Amino acid sequence: MTDKHKVLLTIPMYPDMELTAAKTGSVIAELMSFNEGQIEEIQLAIIETCINAFEHSQSRDNQIVIEFIMKDNELEFKITDQGVGFKSTSKHTAPKKNVYSDLRKRGWGLEIIKTLMDEVEIKTGTNGTTVSIVKRKTV
Amino acid sequence: MTDKHKVLLTIPMYPDMELTAAKTGSVIAELMSFNEGQIEEIQLAIIETCINAFEHSQSRDNQIVIEFIMKDNELEFKITDQGVGFKSTSKHTAPKKNVYSDLRKRGWGLEIIKTLMDEVEIKTGTNGTTVSIVKRKTV
Amino acid sequence: MKKALNIQIREAEEHAVIEMEGYLNDSLGEELSEEAHTLIEKGYTKLVINLEKTSLINSIGISILIEIIESLDEHEGTLNFCGLTSTQERTFRMMALAKYAGIFPDEKAAIANL
Amino acid sequence: MKKALNIQIREAEEHAVIEMEGYLNDSLGEELSEEAHTLIEKGYTKLVINLEKTSLINSIGISILIEIIESLDEHEGTLNFCGLTSTQERTFRMMALAKYAGIFPDEKAAIANL
């Protein structure tokens, strides 16, 4: 894989900036001939990952770097912040689904990403977090 | 101006990749409340500048970096390649408009950019070229 | 003014329809929430939210939809959605939203099933 | 197959209309050029190019449009455009394309003025 197939985007942590990332991903996915539904899924995954970084990373430089890697049959995107990382105590579990108050509680972002994408890998530490996501053209 | 208002995009010199840059610019312009016509103009200017870098820069790293700087009333974008720069001999002049054969000849890119945008500045040398463009919300 | 741009309300005898345009995030979600609560205060207990022109919905937007379902439920009302993309429908089902609100292909069906 | 996706041809008695979807760059431009030349070979000298669904046109795309005007001119034909955005029209006028081809708001007017 050469740099020929990489796009790098740096956005500030700023309301609505996740849309810039999502739209950039959308055009790349379109050029790769993903279908409409998959393009929407990719946009959602980018949006949720960026919002998580905005909300939880406490990053000092207030920036997110997104690396898009176009492969023959899949799009990989790595979303990196230089924040404080995931709290080691908060093991992530999917929220319960039965009661409104549970429903309303946040905690759906990662769940949505995992459902819509083919691979999700989180590397996190006190120097920051990288969420690597793979979406394949055919499931 | 802080980094809060900067978006950085690196794309490979690869057919259609100029669309990625144009669409990223388009979302940024939309978030900044540029109108539809202006957004199209910004996209065209990005496309023409990127195509010029693809065609003329002879860049070794095959990359273009685009820096979007969002200001209150204007969008500035700087498009940089690490290529050989403009040929010092070829003073750029607008092509003639009377005869087909002249019409057809290339050489319209910069002309289009200058017509559609408010400011265009070219810094070029043997280490590469940066085209800085400003589009204002109101003329 | 802002409301007029992004949110349309259509009030009928027995029900009301809310239609939004754009990206359903926290800020559009807040506008939506205000509109919905105004309608509930007016006495409407049967609402349709038409998402045809809503291009993207993030998880914060979905939480706000859940809050509206909850408010309606307190008034023994009903909410139906229409105009979802297949991805939106998938997300709504995953988040069990579909248990508490109907999902219909178009506004006509959503209204008929209130 | 590719052609069917991006380019539509509508042949009438006296004229033909070409409509394209998407980004008019070198590759779509080449397809367009082929279609136009096929029509000219068939004897059509009055063509309309409908740009309503053409979202963006780069300078290479415009050069190809100029080549088509030139070919038609050799056959004493006429080309009219329709469906341009105001930015496209501005670019066309700047490049003096408007001197050699008509620009009309819609297909009906473009056909009527061939």
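Here the chain labels run A, B, C and D in written order, and each chain numbers its own residues starting at 1.
Convention: a residue touches a chain if its C-beta (ideal position, glycine included) is under 8 Å from a C-beta of that chain, and two chains touch if they have at least 3 such contacts.
Predicted model, so just to flag it, every value in this text is computed and none were measured.
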item	value
Taking each chain's C-alpha mean as its centre, the one farthest from chain A	D
For chain A paired with chain B, centre-to-centre distance based on mean C-alpha positions, whole Å	29
Centre distance in Å when chain B and chain D are each reduced to the mean of their C-alpha atoms	26
Centre-of-Cα separation between chain C and chain B, whole angstrom	42
Shared interface positions of chain B, touching two or more other chains	16, 19
Chain C, residues touching no fewer than two other chains	none
Pairwise chain contacts under the document criterion	A-B, A-C, B-D
Interfacial residue positions of chain B with respect to chain A in the complex	3-12, 14, 16-17, 19-20, 23-24, 26-28, 31, 61-63
Of chain A, residues touching chain C in the complex	15-16, 18-19, 22, 37, 40-41, 43-44, 47-48, 51, 97-98, 100, 103-104, 106, 108-109, 111-112, 115-116
Touching residues (chain side chain D, partner chain B) in the complex	23, 25-27, 56, 58-60, 62-63, 66-67, 69-70, 73, 85-87, 90-91, 94-97, 99-100
